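The two complexes that follow have chain A in common; it is paired with chain B in the first and with chain C in the second.
Then we have the complex of A and B:
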């Protein structure tokens, strides 16, 4: 047994370390199209102190550390491109605190979306969090780290905007706290203490988030989804602006897809609403359907498809089985809302050229300050040609995002390279300085956001 | 077997590893896959298992013990199938079982699984206990053998042989007697239902068990079956119809529910306790029976029923399915699913954890002890609770002796016993097979013994030997010199580069045969060999000395080696393999055929007498947390002069 393996066993225990082919195989993969790369070890720690020990060892041995949450970024962000230690964080799954008055939850980094959703529904039904569309195994910390967005993005923004505080293990092994918790107070606010920008959006290349304090929001007793449809994609931005102006919705998503065929070419809106009484619900419905969307409905430009009570939470996605292929990946972007029509048209063209049924989606963030626009490409894992097609479509779409004036959300290596080619040179220099300062030995998720000379 | 040959080749790639399968239906916890809850590595999740299966079959990774353990850690609890939102979910367990079948046919399965299946092949139960002991649980109960009764009461292996589960078998029998149910049992004639065999991937053995059971039931005119175990219920209800076994099958809880509904059971005695009920997988998720147990418990005066967070189709498996109540791949940790579940039960505040499955019963009782909760939480089968409410008291019986000395006092009673290949010989045969796979050649398996030992030779042939030879001679209590002489005479007649013996036998343990035969043949030999590598004319071996010291030799061929245990992992012999081996040659000769007269076979060493060790008068059961029990055990052993 090599000395690193032995040292890892001493930190986490024998059962939580493996260098056997089976673990190395599984932990080499992202679930999307990124080519696999084998780690040297797979490790599943339970505590912040264990992570600290692993990071210190990694610095000593100059071996990479690649943190992994739910593994559902689908951008290869936790693929061990340079080998090293694949750090599975899902054993750190304790919900430490829910503070009802200040409306926040403190969770360990391995707590999953589904776990928090159900916990709140059961014990704090008047509180909720912004749940992304990812499978519920996705972690709270991972989603925050990639600037994810969920079903409360319209009123409250990115999930990273909902952070009160973090506990982080630095690449050099120190444990740091950010936000009010860092001065010994409760975890109720991030501001006005020094911000958390060093660890979010960095794909785990600057440290390992071990705890998150996440803002919670009022959960009303009646929640449901209304569906609206237009044929003309040019109408989508104005509909989104108008809907966001009402401040009546919790979530506004526009989407279009080739399957089922009758829906192809149509632009659907799913609009989540919530109310604590029938009176409130009726009022909101009136504002949205009658006052705001009524003109489209009356003119025939749009159609109301009904309102269904109850939200499916955790959300269940069947996208991966569309081609009976067990695989899909998507390019997510943060786009100006006005770009929706072009994003749709260009994305559809890319999909059709690669013989992939198109799927696009735009989620309103904030007061339509932006939208998360995604293009999804399904593939058949058993057919390498479809994987290749999907990968090519994804790369083309990465290029498209920047061409259209957006930013790539959670970019993989290809998208990171594109972004860095366009980044302000001084910003790039600063990124390099930050990375070198925090990670002098370059052990943290190497390959990601590596600024070349 | 390649991916192209795999039955689910067009489906197995469809798993996205999204992780829904880890959650219970009510999403309360992300660790509802028992193997994933235990190990928390992605390899042990359902998705990890499917991806690894595909990787193995497509040649991306090789078979290994670890891969086999990952596969066999699946308890077939069905949480993944129920939870997966994708359309191929109905085949998830089928895919895992099909992969296990591949390993079974190749003989490459964990040793505990191998033992489980071999015991069933030989004795019709996974414990390897004699068939003649199967009906002992019913002694003193007045329960009748089946003879045209309304119901066959099918007890199953766990209820028949596990001492704790036997109490449940008796309790249920007493309850049915009290209710005036017309039922009988098969006793020693009962055979394994095959449910776990099926989930372990031994298709041929399962088919044989199902066919034999169906034939037996039909011959007896059985139409209605009530089972003690949900595992039996599942096999008979869902799988036996494929073998023309269309019986009216109930799990006992359904019968009790019906009896209570018809006022045929007086439960006025009540049962004052706070009870939480655990839904067993093969009653719940596999067969959608959630309400009958709750109806029964709620009907009993004095019971306050509290639900655990994960209940009904969200139940967390006890970790005993897929044969794991025996093969125990999920034990040994506070993260064992049984211990997690016991903690959950305890957290409800209940004093009784009620179960309706003998596997769950045994798993949870061990878990309660491991958690140190014996004073706070008791595990009871629902039948025991009902029995108490009916005022029935059920007696214990002591465990029967496994071995008896016969009237000659020079041998054991062999009736009801099934013989197997001696462990050491099995390692030797596996070593021969691995040499053959690497270098070519042929293997002849030789034994000296009575006709019953043809079965042993058949197993050797099924394992891969090319020819089998039996010298027909009774070797009971025989002088090893005589056996060596016979073997030497046989071997001399056969072309041989390498002769392999097991280092000793499990029964008499003389450890002399190999060395004697080598001397008689005039060839070099080495004993207690723990590793070997052969080249064209010589062989490199290591042999084990004390304290783990190894000494290495290079020996010129022809040579003889006696093989120690642990040198390899003997492959499993599937029932399909045994059937195929019937076509291989098996020669039988007498010593006379070898030119050995009776005068030449007079033993110089004679066995005087066999006797069992004297029975002790008392036993001390040490319970509690490992730290405490280890200290107490050390103290007890020291006081007894062992240390």
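Then we have the complex of A and C:
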């Protein structure tokens, strides 16, 4: 047994460390098109102190550390490009606190979206969090670390805007806290202390988030989804602005996809609404469907497809079967809402050029300040040619995002490179300084955001 | 091209104009009704074309079997008076496109149950009622090859029905079937009513699902234990195309000891589930649908119903949760029948 393996066992116990090829294989890839890279060790710590021990060891030995939550980023963000330690955080799964009055939850980094949803439904049904469209095993910490968005993005913005505080293990092993918790108060606010902003959006390249305080929001007793449809993609921005203006929708998502055929060439809106009484629900429905969208219905340009109680979360993962073989990856972007028509048309062109059924989606963020627009490409895992086609389409789409004036959301290596090529030189210089200061040996998730190169 | 057999003279001779007089959604007197139906027959615009909620009921009301509903939707298409917004129509047309390969054709050489576009309800098809019965369109990926297309009456797109339906019939026929039990009224109405109205040949014998259920229950009579439930039946729009089979609803209820509660909105006066109405272009359609649904459910409750019985999956999808919310148990007719022979309803998963 090598000394690193032995040292890791001493930190977390024998059961939680592996260097067996069959287990390392699992950590060598994600579900997207990124080429696999095998780590040297997979480690599953249970405490912040264990993580601290692992990081100190890695820093001393200059071994890469790749933190992994649900492993669902798809963009290769947790693929160990340079080997080292795959740090599986799923055992850090305690919901430490729910504060009803200040409306926040403090969770360990392995707590999943589904776990928090279930917990709140059971014990605090009047509170909810902004759950992304990802499968329920996606983690809270992983999602805020990539600036994710969820089904409360329209009123409240990015999930990373909902962070009240963080606990982070730095690449050199120190444990730091940020937000009100850092001065000994409760975890109720991120503000108004000096802004450090060192960990969100870095994809784990500056430290390991171990605890998150996340804002919770009122959860009304009736929640449901209504569907609206238009043919003309040019109408999408104005419909989205109008819906946003009502301030009565929790979530506004526009989508179009080639499969199943009913959605092809049409722009659907799924609109989540919530109410505490039938009276409130009908009032909101009247404002949205009759008053705001009625003009489209009467002119025949738009159609109301009904309202169903119970939330319908977008499930882009269904597209993984469009070419058989269960593979898909998407490019996400943060875009001005007015760009929807062009995003749709250009995305369709890219898909059709690569013989992939098109799937696009735009989620309204923060009162239509922006939208997250995604282009999804299916591929067959067993067919390298379709993987290649999807990868090419993804790269073309990364280019498109920047051409259209957007920013790439959770970019993979190709997208990160494009972004860094365009970054303001002084900003890039500052990022280098930050990275070198925090991670002098470059051990954290190497390959990602390598500004020092 | 297939042409609707509509005889204007029958309307001229008609003394009732029941097609429009009995309409529950349009308030009209007899003289106006006669004038409007003739205008429609002459391809002239009529307020009826704009106000029709496409509930199919006039097909049943017409004493001369002259197909007023088929006429109305044909003219809505011809005169470009779509009852629904364009994107909903396009969405509906797209829905019927098969996209997951060709179906496997197995030769049946006899009677078969056709699930049509409802293969995802195959879980209902279990137990003694269906023992040994071959099923076609059991695969949700291939079910659009068996989709009768009649839904497009709601969309005023009879051109789509006429274009696609012959291929659907061809697919079913390839199974070498003699009798086709239609899971949904809509399929039965297609093959017995619509096809004959427009001259499409149907080379098999359609069997109504309720007739089949009644006959199977009769064979299993010794196993029936009266359910002793007060039930209301949600009559679907497409059952207006086969009103001669409506008696099987009562025959089944009688056989299994279900008490069909006395309602105001029943049989000819039955109310639509509202699923189509809510999306229509006409001003106030969403509220109109909600009103119809509220009145319908209130009527079931005030009549003392405990269960709401469905055959149409679209009605179930639209009203199922609503009736449940008001304390009624929604259940498919086949499940109610299975309950009567001591089986656990499949929908109660």
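One rule holds for everything that comes next: the second predicted complex is superposed on the first by the 443 of 453 C-alpha atoms of A that agree within 3 Å, B and C clash if a C-alpha of one lies under 4 Å from a C-alpha of the other, contacts with A are read in each partner's own complex, and residues count from 1 in each chain.
FYI, contacts are C-beta pairs under 8 Å (C-beta built on N, C-alpha and C of every residue); 3 or more make two chains touch, one makes a residue touch a chain.
All values derive from a computational prediction rather than experimental measurement.
With chain A as the common reference, chain B sits beside chain C without any clash.
Of the two partners chain B and chain C, it is B that touches the larger number of chain A residues.
Within the superposed three-chain model, A:285 lies in touch with chain C and out of touch with chain B [touch as defined at top]. In the overlay built on the shared chain, the residue A:123 is in contact with neither chain B nor chain C.
Centres of mass aside, this uses C-alpha centres: at chain A, the angle toward chain B and chain C in the superposed model is 80 degrees, to the nearest 10. Legend: residue contacts after superposition of the two complexes on their common chain; A:42 is shown touching chain B, with no touch to chain C. Look at A:327: by the touch rule set out above, it reaches chain B but stays clear of chain C.
Once chain A of one complex is fitted onto chain A of the other, the partner contacts of A:305 are limited to chain C, with no touch recorded for chain B. Residue contacts after overlaying the shared chain place A:266 against chain C, while chain B stays out of touching range. Shortest separation of chain B and chain C in the overlay equals 9 Å (C-alpha atoms, whole Å).
Of all residues in chain A, only 15-16, 18, 20-23, 25-27, 29, 31, 42, 44, 70-72, 88, 90-91, 93, 112, 114-115, 117-118, 122, 135-137, 314, 316-318, 320-321, 324-328, 380-382 touch chain B in the complex they form. By the touch criterion stated above, chain B contacts chain A in their complex at residues 10, 13-20, 22-23, 26-30, 39-43, 48, 51-52, 55, 60-62, 64, 66-67, 70, 85-88, 333. Interface residues of chain C, counted against chain A in their complex, comprise 82, 84-88, 90-92, 94-95, 97, 99, 275, 278-279, 281, 283-287, 318, 321.
Those residues of chain A whose C-beta lies close enough to touch chain C in the complex are 229-231, 259-267, 285-286, 289-290, 294, 296-306, 308-309.
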